[in-house]
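What follows is a pair of complexes built around subunit A, which joins subunit B in one and subunit C in the other.
Presenting the complex of A and B:
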């Protein structure tokens, strides 16, 4: 399952609090998207790639984050080649890659719980219109938690389909996958209740770095 | 102490529990029965996850119908599939989430999380994504995440069903060493031999209530007879 997850470490980027880190990401992404020259985007991409060793992230993480995007990147670049110039296709492909690599770096150096505390703080104004910030944070946590559950449901249903003699996974597995996910969602809800998780209390602040 | 008084329950007009009366005071209580016998519904009633249609369940005098949240802070619950019990993405975060809203400081939450992970052999997985743990490790995490809240009673609904023999042994030894009252639902009959009391649930009724060896014999006879109880023991 290719989802960038937290890599414990003591680099300078690990030490940056989540708020400034996300603000930095937003500014960097905006800056990258405003550039339109191949050479500039190439330089930005090189700098982004260098940020991985500079934060003591393993090379395999850089490769994994790139590999995940490759099929989508190929489609985008091919489409741009057909409809625009090769320079434009390289700029857009490069920008996409930079954004994903930067986001991956932020995810790898920030604990989910730290992010949630930040999101909960950012969502506080919503309390005025009756939205619980705690619930917003919990929904985000559950969304991240559910990614491997969705992947697992897909693999299980695909394997069951092929085990019964079908050659390839078909769209028919979508229904059992959805049924499986609905069951998982129900069980997760039950677990949240059973564990006495206080939905309207602040998220655990056991590590807010 | 848990008291179950005249409990009846049904799902979509299909009755699952008929007039259960129990008082559970023993340190180790086992519950056995076939799939669909109603034992999981009964277990879920003990910490207020399911509210009985008729009758009531009291935990230390608190009615699950009125005091669900307070009861769930006293009565921990472990599910059969640890995967669906894990709420947060990483191991430490999942343990810590159960401590939220309990008025603990950041340092206390961190200390209790680290301690419980060390106690259950998960210290090395502190910041690891929970979905990457093995089946046995996930069940130990589920157990640790419940025990970190220091419940007075622990209900385990078939926690060993999806585990191999080594992990079954690990979970069972862990449960047996706990100071809490443990109510264990299981299909692994051999692990109940040193329990204080075992209940057999059959078609929503208490078919037997007594010593482990007699309960297991009764259950086996029940299964051999195709679900008909050869002779019902008088419930306590």
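Presenting the complex of A and C:
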């Protein structure tokens, strides 16, 4: 979990605010998908690849972003070679790669927290239909906090299962984990209420026992 | 404290008066529901971690992440299930490596199989809607059908066309989904139904926007 897709740095792209960067990505992706000449796509791919050293990204990041797509890319290019022209196969493969590399560059130069702040700001108009921005922020933060909790509940359950002599993990391991999640949701909900974070209206009486 | 054998007092303790219900937001979610959304988003993330769930030993390397999507819809229902998936996707888009193989960021959405991630939203929603229609929620055939329609049909209904558009071939997109995703998903549909039935038997799952004990 220590791996993040963010790559710290001080390049010009790091300095661009997240909003314009995302907008730029959207425009660039649209532009790339609209071009269909093999020479143009080739040029776009070269520019995209050069953007990595231009933002002082290490070569292995470029390679890593390419590698995850390679098996799929090989399949697509081979398939199009068999059913269509070589130009079309290169254009489609090139477009797939460019788009993923560009998006990877945006993610690598933007902190997760910065991106989340942008998303929360973009979600603000939803307040009109009853989506509280505070609740959105709360759920996002709570999820990040819950991942290690759920992971440890998972390991506890599968350890207990194995301790009882069952050799292979089975779907039955999941049941106590989920029951535990449902239980802890009650306690978490009360903790949220007690802090007044997610309450839109005043609570008249705290029920139960 | 009431004696445990006293059903009247127990009932009164678990069932608050109707006028003490002001904490639900306008979209009908209690703080408890927010916690459920976060916990299930976390569960989907954990199911994507390597080695979390080796189905048949480690012979079949399928990731269990879409099982988490199916479980969110089956157990939390349409609204909270879809919001749990949305929460995970927002965190992924922000750059957290929560998809299998430590993938994350915007790239996975604009990639050739990004449509399946969007399909997860519809899938969890469809499962949630159908599961509430199953009379007697521990009945397996109904749960399996709900998971097939939501967990496979709905997800593929978005995933395949997006892939087809990006690779400019409907045939190739269909081949990819039937080879890469279908075998695992068929197993996960059954698992999700089994797990949901067992959870329903073990613990009363609270409905969205309702206090525990309320019907």
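One rule holds for everything that comes next: the second predicted complex is superposed on the first by the 127 of 209 C-alpha atoms of A that agree within 3 Å, B and C clash if a C-alpha of one lies under 4 Å from a C-alpha of the other, contacts with A are read in each partner's own complex, and residues count from 1 in each chain.
In this text, a contact is a pair of C-beta atoms (placed from the backbone, for glycine too) under 8 Å apart; a residue touches a chain by one contact, two chains touch by 3 or more.
Here the structure is a predicted model, which means the values were calculated and not measured.
Participant: In the overlaid three-chain picture, which partner chain does A:188 touch, first (subunit B) or second (subunit C), both, or neither?
Facilitator: In the superposition, A:188 contacts both subunit B and subunit C.
Participant: Figure out whether A:83 sits in contact with subunit B (first) or subunit C (second), or with both, or with neither.
Facilitator: A:83 sits against subunit C, while subunit B stays out of touch.
Participant: Is A:54 touching the first partner subunit B, the second partner subunit C, both, or neither of them?
Facilitator: Neither subunit B nor subunit C is touched by A:54.
Participant: Going by the contact rule stated at the top, is it subunit B or subunit C that touches a larger number of residues on subunit A?
Facilitator: Partner touching more subunit A residues in the overlay: C.
Participant: Pick one for A:110: touches subunit B only (first), subunit C only (second), both, or neither.
Facilitator: So A:110 only meets subunit C here.
Participant: On the A-aligned overlay, A:139 touches which partner chain: subunit B = first, subunit C = second, or both, or neither?
Facilitator: second
Participant: Would you sort A:8 into first (subunit B), second (subunit C), both or neither based on which partner it touches?
Facilitator: first
Participant: State whether A:150 touches subunit B only (first), subunit C only (second), both chains, or neither.
Facilitator: The answer is second: A:150 touches subunit C but not subunit B.
Participant: With both complexes superposed on chain A, which partner does A:175 reach: first (subunit B), second (subunit C), both or neither?
Facilitator: So A:175 only meets subunit C here.
Participant: Need the overlap of the two footprints on subunit A, from subunit B and from subunit C, as residue ranges.
Facilitator: The answer is residues 1, 3, 5-6, 111-112, 142, 144-145, 149, 184, 188, 190, 192-193, 197-198, 200-205, 207-208 of subunit A.
Participant: Mind listing the subunit B positions that touch subunit A in their complex?
Facilitator: The touching residues are 47, 49, 68-69, 72-73, 76-77, 79, 81, 83-90, 92-93, 96-102, 106, 109-110, 113, 126-127, 129-131, 145-146, 149.
Participant: Please name which positions on subunit C make contact with subunit A in the complex.
Facilitator: Checking each residue of subunit C against subunit A gives 13-14, 16-17, 19-20, 22-23, 25-27, 29-43, 45-46, 49, 52-54, 56-57, 71, 75, 83, 87-88, 90-91, 93-98, 101-107, 109-113, 166-169, 172, 176, 191, 194-195, 198-199, 202-203, 205-206, 211-212.
Participant: Tell me, which parts of subunit A touch subunit B in their complex?
Facilitator: 1, 3, 5-6, 8, 111-113, 141-142, 144-145, 148-149, 152, 184, 187-188, 190-198, 200-208
Participant: If we count contacts the way the header does, which residues on subunit A are in touch with subunit C in the complex?
Facilitator: By the definition above, subunit A touches subunit C via 1, 3-6, 22, 25, 29, 65, 68-69, 72, 75-76, 79-80, 83, 88, 92, 95-96, 99-101, 103-104, 106-108, 110-112, 115-116, 119, 129-132, 135, 138-140, 142-147, 149-151, 154, 168-169, 171-172, 174-175, 177-179, 181-186, 188-190, 192-193, 197-205, 207-209.
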